[in-house]
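Right, I'll just put the structure down here and ask away after.
Order of writing sets the labels: A, B, C, D, E and F. Residues in every chain begin at 1.
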Amino acid sequence: MRANERKNNELRSVEFIPHYIINPEGAVLVSFGNTKVICTATIEHKLPPFMRGQGKGWITAEYSMLPRATNTRNIREAARGKVSGRTMEIQRLIGRSLRAAVDLEKLGERTIWIDCDVIQADGGTRTASITGAMVAMKLAFDKLVADGTIAESPLKEYLAAISVGILNGEVILDLNYEEDSAAEVDMNVIMTESGQFVEIQGTGEEATYSHAQLLEMLDVASQGIQQLIAMQKQIS
Amino acid sequence: MRANERKNNELRSVEFIPHYIINPEGAVLVSFGNTKVICTATIEHKLPPFMRGQGKGWITAEYSMLPRATNTRNIREAARGKVSGRTMEIQRLIGRSLRAAVDLEKLGERTIWIDCDVIQADGGTRTASITGAMVAMKLAFDKLVADGTIAESPLKEYLAAISVGILNGEVILDLNYEEDSAAEVDMNVIMTESGQFVEIQGTGEEATYSHAQLLEMLDVASQGIQQLIAMQKQIS
Amino acid sequence: MRANERKNNELRSVEFIPHYIINPEGAVLVSFGNTKVICTATIEHKLPPFMRGQGKGWITAEYSMLPRATNTRNIREAARGKVSGRTMEIQRLIGRSLRAAVDLEKLGERTIWIDCDVIQADGGTRTASITGAMVAMKLAFDKLVADGTIAESPLKEYLAAISVGILNGEVILDLNYEEDSAAEVDMNVIMTESGQFVEIQGTGEEATYSHAQLLEMLDVASQGIQQLIAMQKQIS
Amino acid sequence: MRANERKNNELRSVEFIPHYIINPEGAVLVSFGNTKVICTATIEHKLPPFMRGQGKGWITAEYSMLPRATNTRNIREAARGKVSGRTMEIQRLIGRSLRAAVDLEKLGERTIWIDCDVIQADGGTRTASITGAMVAMKLAFDKLVADGTIAESPLKEYLAAISVGILNGEVILDLNYEEDSAAEVDMNVIMTESGQFVEIQGTGEEATYSHAQLLEMLDVASQGIQQLIAMQKQIS
Amino acid sequence: MRANERKNNELRSVEFIPHYIINPEGAVLVSFGNTKVICTATIEHKLPPFMRGQGKGWITAEYSMLPRATNTRNIREAARGKVSGRTMEIQRLIGRSLRAAVDLEKLGERTIWIDCDVIQADGGTRTASITGAMVAMKLAFDKLVADGTIAESPLKEYLAAISVGILNGEVILDLNYEEDSAAEVDMNVIMTESGQFVEIQGTGEEATYSHAQLLEMLDVASQGIQQLIAMQKQIS
Amino acid sequence: MRANERKNNELRSVEFIPHYIINPEGAVLVSFGNTKVICTATIEHKLPPFMRGQGKGWITAEYSMLPRATNTRNIREAARGKVSGRTMEIQRLIGRSLRAAVDLEKLGERTIWIDCDVIQADGGTRTASITGAMVAMKLAFDKLVADGTIAESPLKEYLAAISVGILNGEVILDLNYEEDSAAEVDMNVIMTESGQFVEIQGTGEEATYSHAQLLEMLDVASQGIQQLIAMQKQIS
């Protein structure tokens, strides 16, 4: 039995607090159970060198955790003097996913900086980050439209992300830290409101999975994502 | 006239939310107006090499800001690969100040790690950090006593910190960012509940100040600190 | 039409030169068309700290490219002073994949260091690296068995990796650089000889893909992988 | 009793050797007892980015110690690959203090680089550095006036720095290393020739100090500073 | 007796495989016995800042070893985050030597980047690198002439490099790793086809050498170099 | 004509000030004309890991320049966060040279740290550093003998270093900065009092040199070195 009598295909309690901090162009505090992430979107009216002169914009992301987001204290990456491989992997995933939801030409020669700072971690920080960053980005786009900078929102479709896995042979949705640590297979699925895949990353943890298990995981994830998108659409 | 009709010797609205995140041994979200800092205290049952074998403990601090704590986005220190001089100065100040309030021998051979993460900045982040860290540390000490690890709290006295400055020739308390940027003199005062100084740092910003101005600043700061300590004492 | 009249579901010319360099415990030069990678396996009779005392071994990987593996010169990561996010992502993937093929308890308290150095790059460097590293690791295991260090090879199953993608709406196998740059969807599949998935990473490049396209890509990839594994099994 | 029968309010033997090295625009070797610092001033006819276009100049400082300035060898910061927090704190203090003595508009769009290299250390390296840097900067200003680059020296007032502290309950001036290590309170005071404060940094070392003690320390420091300024004024 | 019955003044088996990899403007795999180095030359049509506007070109070199080029695995310099002193010394030597063979004015405002990547090491990696880099650079010059970018090859003379040393009192040529580790004196000689010295670096390894020994080493080295140059001249 | 009517085979004015700073076990300020270097020797009663358990000692060196040792200001290596290739090359040369003069077994399991800090630079900083470091090391050895730590000085022979070069076709000794910048060939020679070579590094600067020129340079250098050693022997 999962914590709080949660069913295998049930999300944890999900909450979005938009405008949680006041300076960014878009900001939200997103919670997936005890996982809490401050997601912000910053509009910069210039581009990184490799994107200039193509008449389109760019979206990039950074991710970090407070030292005591977790049960034991993590050394800060700033103190270590370098960003870990795990962090790089996550921030590349966030940026890549969001770009799939946006018409970069409508954005124009601008960069959207996404920052996801995990203040409390209990599994699923990358899926909560993507799902919250989607909202922060949407709020920033709304501001660009509201102040007349661009005519139309560059958002093509909403998207959200969720984890799914196999634990003791059963497919479960939205794993918390304890479940994630014990799972045989761990998969992150990112999908749009129209049901298209943006990214699938499915990893056997010193294990493997069959074609049938893959299909079952994708089905459960897909239902969770549609629930998340329904909640995102309430926010403005 | 100051924002919100604040008087020259008046603190901004101050709030402490204890146990704001659940993993650390002590945690508080402290607000001085729009400045908001998550302060946590972590107990580690070992010491840095230079402190070992002296029969006493150590307190050290780290400080950081989210990229969009401020009005424009700051590059992360982890991305730069090094901690700035300003950050180092602040984290050394936080650690040094708290050590003055603690009987390190009663703490025993343990390290208290203080983390101050500014999620929103509007001036006074270092004084809010020290004042909040004092509370987080106190909560961690209470836990050590409650679980029987140590017999008695190592806290000797409460302390708090506040900024004071001279703006257009007038002494003002608890400067926000706009006031701080324009002030001729900027001073941080850290003081105990018994009115002893722990640290004074008073800096003319391309300016200087007289002996009389120094005394007036210390007087105003002292009153603000006593109000902060009264609030700290309500928390458990 | 693909280069060299290749069919959509056809691998490029694949070659393995085992024992290509003489010092490592296992070594192979693997070519997928013009992509050439030196893969080596080093046996170290100790473990990283986080793995000690669990009675099992560890497999970790590093990946690099010569500056002129590509058409224009890349700055060396050693000269930059840090490893890129792309490199970290790839070396984490190589290590994680290989661990899924190995019984770490049979390996005993040893580390296998995999090094994949790309001397020429034309797309698919990560799948060639995994497929070659599998062979280098197998040769190193054979040596451990041959010299009596361990009784039985810790290899559970062979595995191989291949890329598959969607270009102009068609599913194609084993993309070269030019195809990869133009593809709408890019997927890497890692699979064992028994047909179980080890890892799937499917990314829409500013695009998305449907459930049906996913299934078609997995099918084509699966056939390519079985051909690669048949070749791996010839080598000793 | 202090070393060499020094009285509590007495400076150590102070010496300035101007033009000690020949390349810089201003240079002095300053000694406070056994503490010896080479201070140089370099004129650069450009500004850091954040200062450009404001019609005024900038003064910045760097500080370092030779490895055997001290009794045991310190690892070089260049070998460690980073500057310590202590060094950053000191070099920020030197730059900030000197800027308070200068009319930056008269300096024009130029940077003065101050370098303070401690060749022998016996306490008070930061106060000796500031006091010597004042002289090096003054010599560089004289050169700018002499060669007609600027019409008038941008120096508003001389300033000097001295340490003061409380040891065994007594206020003492200009602490050497042994005294500094044992002192309960350590304060650095930077003051102009007209008696205005530029900076006060007073720190209880795991201790605190009263209002009365603060006043006594400032009084003793003030007398020491006026003696240092009298000596600075002899130099050309 | 030396390995393979080699005489004291005899080179190891030397081989050049030109065009070993296909992307660079010049490329060769050079072998001195078991030492194997991939040498490439890249033409860049711009200059480092310090060389601009002088109407002449620049040649610079980088050097690296694969982790298992040697008998035990070396940590990558990219993973360490910095280039070792030994590597820096070697890459400075390669660049400096090649510049002596080239008329930089005929090269025009271009940079030649030399990359020497040791894939297998058995002593003499720096002399093999220089000797191979000479060939890679020559091939790149030929390409510049062939495509009409420059009228005439900037190569003034061929040059090659070889090691010579004293082992058990005897002068020996082209030391392998085992000989190099045991030698009393180790010298690298770089010489042109006309017999002029480009660089001599002769080092007593916790030992010294006489004037007569120096002359004998130079004589033996000189003969080896002329043999290498004869081989280089066959390649196109 | 050389500056100060110096003859081609004449040293600049050379001076040694022993015990120039008081903390190190050996210290000297050495001047070769306007080149001035503080050389110190530190005795550490332990060894780096790779030297342990062999019953002998180690000598290692570090080298640095003050920012304004030169005519324009150099950025500090600590500020850059890394040591330059030139610095590494020099400090490896200093350490290697000194080890050739010492019986490391007589030194016992100790490290001698040599620090050479150039406070003023006018060419020949590496030869002045080696020549001064020899004296600092000798003073430290004397202290080890005087306090009974070791029975006999581990110094086998004195050594010194000097530069020699070819300028306008003429061989000149001990080049100052201006001569060094213009020279066609630059050679550093390190030799013992018995006339044995410790190290020769002769570099054509985009030029080459003949066998006859080599011999003439070695002859002139040899005479200069014997004069330096005669001066070193006067110091205690």
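FYI, a residue touches a chain if its C-beta (ideal position, glycine included) is under 8 Å from a C-beta of that chain, and two chains touch if they have at least 3 such contacts.
In UniProt terms, the chains line up like this: A, B, C, D, E, F = Ribonuclease PH.
All of these numbers come straight from a predicted model, not from anything done at the bench.
Each step here moves to a touching chain, and the least such steps from chain B to chain F number 2.
Its C-alpha atoms fitted onto chain E, chain B is found rotated by 180°, rounded in steps of 5. When every chain is reduced to the mean of its CA atoms, the largest separation from chain B belongs to E. Here the spacing of chain C and chain E, counted between their Cα centres, is 33 Å.
Inter-chain centre distance (chain A to chain C, centres taken as mean C-alpha positions): 28 Å. Annotation: 51 Å between the Cα-based centres of chain D and chain E.
Annotation for chain B: residues 81-83 touch two or more other chains. One closed ring of touching chains is present, and its order from chain E going to chain F first is E, F, D, B, A, C.
Put simply, chain E touches chain C in their complex at residues 21-24, 27, 34, 36, 38, 40, 42, 44, 62, 64, 66-71, 73, 76-83, 87, 113, 115, 117, 119-120.
Listed in rising order, the residues of chain B touching chain D in the complex are 82-83, 85-86, 88-89, 91-92, 96, 99-100, 104, 192, 195-211, 214, 218.
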